[in-house]
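Can you read through this structure? Questions will come right after.
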Amino acid sequence: MTDIAIPEPTTAAEPAPAAKKELTEALLYLDAVTVTFDGFRALNALSFTVDPGEMRAVIGPNGAGKTTMMDVITGKTRPDRGDVFFNGGTTDLTKLDETQIATLGIGRKFQKPTVFENHTVLDNLRLALKGQRRALPNIFHRESAAARERIDEIFETIRLTEHRDRLGGALSHGQKQWLEIGMLLAQDPKLLLVDEPVAGMTDAETAQTAELLREINANGHSVVVVEHDMTFVRDLGVRVMCLHEGSVLAEGTLDQVSANERVIEVYLGR
Amino acid sequence: MLNMFTHARRMAGRALVGAAALALAGGGVASAQETIKVGVLHSLSGTMAISETTLKDTVLFMVQEQNAAGGVLGKKLEAVVVDPASNWPLFAEKARELIAKEKVAVVFGCWTSVSRKSVLPVFKELNSILFYPVQYEGEESERNVFYTGAAPNQQAIPAVDYLMANEDVERWVLAGTDYVYPRTTNKILEAYLKSKGVKEEDIMINYTPFGHSDWQTIVADIKKFGSAGKKTAVVSTINGDANVPFYKELGNQGIKATDIPVVAFSVGEEELAGIDTKPLLGHLAAWNYFQSVDVPENADFIKKWQAYTKNDKRVTNDPMEATVIGFNMWVKAVEKAGTTDADAVIDALIGITVPNLSGGFSAMMPNHHITKPVLIGEIKEDGQFDIVEQTPGLIVAEEWSPYLEGSKDLIADWRKPLNCGNFNVKTGKCGGAGQ
Amino acid sequence: MTSSARLFRLARVLCSALALLLAAALVQRAEAQDISAALSQLTTNKYDDTEAALGALALSGSPAAAGIVSALADGKLVFGGLPPRVFIEGPGGALLDPLTMQPAADAPAVKPVRVNNRVRRAIEAANGALSLVSPDAGKRREAALAVGRSRDEAALPALEMALAKESDPKVKSAMNLARASILIAKEGITPAERIAAVELVGAEGNQDALAILRSVPESAAPEVKQAAAVAIEGIERNLAMWGMAQNVWYGLSLGSVLLLAAIGLAITFGVMGVINMAHGEMVMLGAYTTFVVQEVIRTSYPGLFDASLLIAIPLAFLFTGLIGVLIERTVIRFLYGRALETLLATWGISLILQQAIRTIFGPTNREVGAPSWMSGSFEIGHLSITSGRLWIIVFALLVFFALLATLRLTRIGLEMRAVTQNRRMAASMGIRTNWVDAMTFGLGSGIAGIAGVALSQIDNVSPNLGQSYIIDSFLVVVFGGVGNLWGTLVGAMTLGVANKLLEPYAGAVLGKIALLVIVILFIQKRPRGLFALKGRSIET
Amino acid sequence: MSMTRQPALLGTSGLIFLAVLFVAAVLVPVLNLYAAPDSAVHVPTYVVSLLGKYLTYALLALSVDLIWGYVGILSLGQGAFFALGGYAMGMYLMRQIGTRGVYGDPVLPDFMVFLNWKELPWFWYGFDMFPFAALMVLLAPGLLALVFGWFAFRSRVTGVYLSIITQAMTFALLLAFFRNDMGFGGNNGLTDFKDILGFNIQADGTRLTLFVLSALALGLGYILCRFLVRSHFGKVLVAVRDAETRVRFTGYRAENYKLVAFVVSAMLAGIAGALYVPQVGIINPSEFSPANSIEIIVWVAVGGRGTLVGAALGAVLVNYAKTYFTSGMLAPYWLFMLGGLFVAVTLFLPKGIVGTYYDWREKRRQHDDIPDEPLATPRPAE
């Protein structure tokens, strides 16, 4: 894990992108990213990096910019200023759209579970499975044996095997969360962005989810998890970053971050 | 309602398509023994209902009158009304239904040119008779169609003559809706005006889409065109709905008939009923009939019509008169032929003469058009017309205009031996399908 | 009000009359001529005779002439009896002797003396000729202007004579202008005189001046032609600018019509999300309400006619609003959250409403008249403004701001916004969402009804009225940005002005097509319309 | 893990639909040709044309259902594609008239002659050849859909904004085709056709052939749509309908999927138009009118959105109702009935006839965990 000094929001002279390329080995690199909506600064010179194989938890109060951060990384929102690089600085994400970024290997789970409700669980995974994405060839697409095996594997991982023929919309809230994570797995991304995966889950489900994410991370995927549930974050046992007003307030282990005066003041409460 | 219900039940019972076919086929077998059926093919809904509904009522009125007078050939007449809903393909479909399913002896119908064009092949194929009661662009003469409305020379040209002679008009605005009747009429008028020495720059031609409602720019252009120092008039072939906003804008911009008179070919009593006519005083219309024609035949007709419609304010208009003439001609022809058989009636119709409502007689000519007087009227405050000019004699329709390049050599004569709707006098051949 | 064309028409007749008048004046107006010959000419029922009689009357100097001419203009001049005689129809239908204005001894069956355009012009000319000797300076000025436009050389001596006597400066300058207009084209005058005339006319700067300046004869001196060319160029440049302003005015006027048509939809569709295909029919119902109000007024309270629209506005609002509430309660309320299905249901409702009106009032157009304060036009500079259009713009803006105020400032407005933003939250705060829904739909419908009152002034009042506005209305709301009232205002005005600026170049049809294509392309650029709400992404 | 059963290419209702279509395609000609004219089972020729017209409408409805039911694109301009296909066919038929027009001009159609046109506009070239015209039947609507869709989907114009600009598109085309200067016959359109591929267009045999061809086109169109929506491609379409953002984040170019579906749908509509024109004998700009396009949506809604079979059924039922109501005693009131029908269907059968039937069937076999028609009941995508 490399610690990169958080640059001051006031970056007088920005280094050219080419220079950054050499600076970083990071999988994801954000530097001084600013996003403004109608005068409101959702992200304020946000900078951080994620290394290959790292799992990172992001906490922060509502409106801290967590979702906007994900929007910027996945190409949904274009930053007003700042750089977003992927794959060790080789790819400028601000130039790409959602689809291209997804194809590069960044998967995203939304805050509200989003699965294809009118498709069976199986079809949900089939659609997500890494493979042909172009429209015309998919008219005649046939599923390979390898693909079937891979899907069966994912079913084991997300524990939904017996629900495979139910409609996505018919699943419980927790099951939908898992299905969505399963869909991310099927995409086989280098980096998973997971937004509040345990919201509305029972304690048992929460614990299972933490285990699931650790398992995914252990298989070589980088993961960024946004979550409010401190028990869950503790369960994950990974490096924590606290956002506030669009920039990083503190970073470190959960204990370090929770001990930070500012974090207590703005987020955890006294 | 009951009828519909049985249909629904039958449909539920059988396979869909077959049942629909049977239901469609089975509807009209009942009780047609002692009556002669008369088809009425006018839009009762959609954009054209505004004009055509009256003509449906007119046919129903004539049928009632005829039945009161003993029917035709000893049989009662029975009107079959359908609603083609201002939908042109539906006109063809309904025409087919009337002829093939209802077995009507004759159809009175259509208003727009496109509806007539749409049903033409049907009447030719099934060999039936259509009476078409509206002024139109000409350039047509079909064996199965009898045109009781005016051809351009029975309306447009006399109107222009009147303006030249009585208002000393030297500069002309030809304003029309962009469809075939105004296009053709204006082509004819343009050629006619030029033949009378009007210069190119003294003619302004303007087309607007159907239902055009914002006339500010065009009326301002007309005003500008009219302020060049020569007496200017507007010849309007603007169609139905667009007229009201057009005249309202004329009134708004203060253009009076004494400055720039507008002569219209599509504005009659029915249309004026929807307009505040005070600002329109003195604007003109050219028709072959006005409600204000002061002869006993007309007074009698208006009285009966208003009694029939139970509305003493119900107006009459030119296409109604054309319908009445057509109806009476058909009755007379059937009696002359002694049968309702289409071929016999078509042959019998040529030469039939019936009284028109302006105190004279109209005759069916060999070109399937009728002779008509032309009347010019000025709009009065009460929405009626003051007839300021009437042609002394009757005018024979020029179905093929001598002012158009493509048709100047064509004539129509449906009598033997010519029996042709588009005979080319230069080549001596029947130009179309009739050879 | 005064149309240049009409003045010109008047002038030609006037000039001949003027010459005659002059001659008559020269003989010191011997004695009042006997007008009985003219009166008997009026009984022949022929336009030529009527015209001739009018000419004679104008010159007769008879004190009865003015009364007879104005009776003819009003359709009160009648004739009848044996031998036929002329009467003036007095109040209550009494027949008066035209010379004495006393009730006639007998009362034969009479017909009015018929009037056509030619006769109407002769009436104007007769009135005009009489008015040149009129003490009213305004009328003298009008006559002078008319002579100027006629550019009839024959009138020059008369004009110069009148000019010598004239003392009123305004009338005098009009007469000077008229004289210059004639001199420009006259043969045999000095170049200096002609140039002076060119300058005088050129200073007028309007369309008529342009026509006069173009009449400089080919034979004129080069410096005259040069002066005329300069003046023409200046006027043309000036007029082109005014023409642009005029088009913008037309555009604003069209924009106000679009705004009126769309503003109710901005509520039912923009705020509530109901794809309200019956919106046009609400406009139609408003127009028919106006018709019914005017019918009642015409038959029962004719004096109130000028107030008919003011009476119709609240009634139309209440009636269509009520129909709106009825539709909401019986159909729409079952369809919230299924916006596309509201399209189907309201389409069905629109068919039913159209046919209902067709059944009740018949398929033909109904007459809705314009109150006097909405008729006519006036000029600002070279800009011609018609009163009716001006009132419609004012009215559209009034309706717009009233609606804005209702939504912003009133309790019900607050509740409406609350319900549309978060229905469940609003309900839990004790807002009766059902009632608010009904009121909102009623408000949108009522405003459509008000629009119908205004649109009855410029369009057909027929069952098809609504159909002709529905497409434009949706286009305006979508172009402006769904859910944003200001967007609707700006959208309507933009589309109106753009349409009218395109029309002179592309024609009415191509202009409209071009506009549609522009809107389609614009939506590509801004997929949520002109005034899209920007904000943090709300995830699916 | 066991294999999961894929629903068959044609479900039960699909098989019934094709069977009915096949029976009609056989029975109607037989009954028309061989049944005695006065017998109860005789199908008169005008009914054949009428049924043929319904079938082309059904194909048109099918094309709408493909994009509305499965991709959530509510096109209020589908009539434009139908009309373009119709015009392409109409232009071919016009050229076939040859010297039999009233003016006898061998090249120019009548409407050009009386407007004093001297030569054929360039865009009429080639329409004297059937293969070219047939190609244009597909290409004209297809290209329009491609260009329009490429712009609109790339810019992510969705929902009601998309609906309104499709309406603007068809309205612009309506105005354009009304113009006589365009060279498509203005308001009168194209009419007075004589023959098609050498066969008299009014002959009973030709009518029957066109009817059978329409049935065939509908059947093939149905199978094509069914094949598309069942493929991986089709599953992406439904996914786009329900959660477009999700689809993008999964790495699919949603706009390309929409575009392919839109173009296929436009071509189907074009074919429907091309079959429609020779059967009704006229093509005119009013086919472009926005009201027509809305009516197509209504057919699909009545039959059941997202069911394909329902769309076809809805088209036939509503049009049969229209034919029935516009004649006889009911003629003055038919708009009440039609309007009432639309309101009633939305209120009481929100999923349409077939959709409601599927729901009912689903309820009956609740314990059976194999859904036959997983796509039967789309949630409304707003």
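Letters A, B, C and D mark the chains as written, and numbering starts fresh at 1 in each.
Everything below uses one rule, namely that contacts are C-beta pairs under 8 Å (C-beta built on N, C-alpha and C of every residue); 3 or more make two chains touch, one makes a residue touch a chain.
Please read these numbers as outputs of a predicted model, since none were measured by experiment.
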item: Both-way neighbours, i.e. chains that touch chain C and touch chain B; value: D
item: A-D against C-D, pair bridged by the larger set of C-beta contacts; value: C-D
item: Centre-of-Cα separation between chain B and chain A, whole angstrom; value: 73
item: Whole-Å gap between the CA centroids of chain C and chain D; value: 45
item: Inter-chain centre distance, chain A versus chain C - centres from mean C-alpha coordinates, in Å; value: 65
item: Touching two or more other chains - residues of chain A; value: 76, 110, 114
item: Residues of chain B engaged with two or more neighbouring chains; value: 44-45, 178, 207, 209
item: Chain C: positions in contact with at least two other chains; value: 354-355, 467, 509, 512, 539-540
item: In the complex, chain B residues that touch chain C; value: 44-47, 49-51, 53-54, 166-167, 178, 207-209, 211-214, 216-218, 220, 223-224, 226-229, 231-232, 241, 244-245, 248-249, 251-261, 270-271, 273-276, 278-279, 282, 378, 383, 386, 388
item: Complex contacts: residues of chain A adjacent to chain D; value: 74, 76, 97-99, 102-103, 107-108, 110, 114-120, 122-123, 126-128, 132-136, 138-141, 152, 155, 161, 164-167, 169, 183, 187
item: Chain C - residues contacting chain D, complex; value: 273, 275, 277, 331, 334-335, 337-345, 347-352, 354-356, 359, 467, 471, 474-475, 478, 482, 509-510, 512-513, 516-517, 519-521, 523-525, 527-529, 539-540
item: Residue numbers on chain B that touch chain D, as the complex places them; value: 4, 7, 15-18, 20-27, 44-45, 80-85, 87-90, 92-94, 96-97, 100-101, 112-114, 117-118, 120-122, 125, 139-140, 178-180, 183-184, 187, 207, 209-210, 404-407, 410, 421-422, 424, 431-433
item: Residue numbers on chain C that touch chain B, as the complex places them; value: 1-6, 8-9, 47, 114-118, 120-121, 124, 149, 151, 207-208, 211, 246-247, 250, 253-254, 257, 354-355, 358, 362-370, 375-377, 384, 386-389, 457-464, 467-468, 499-500, 503-504, 507-509, 512
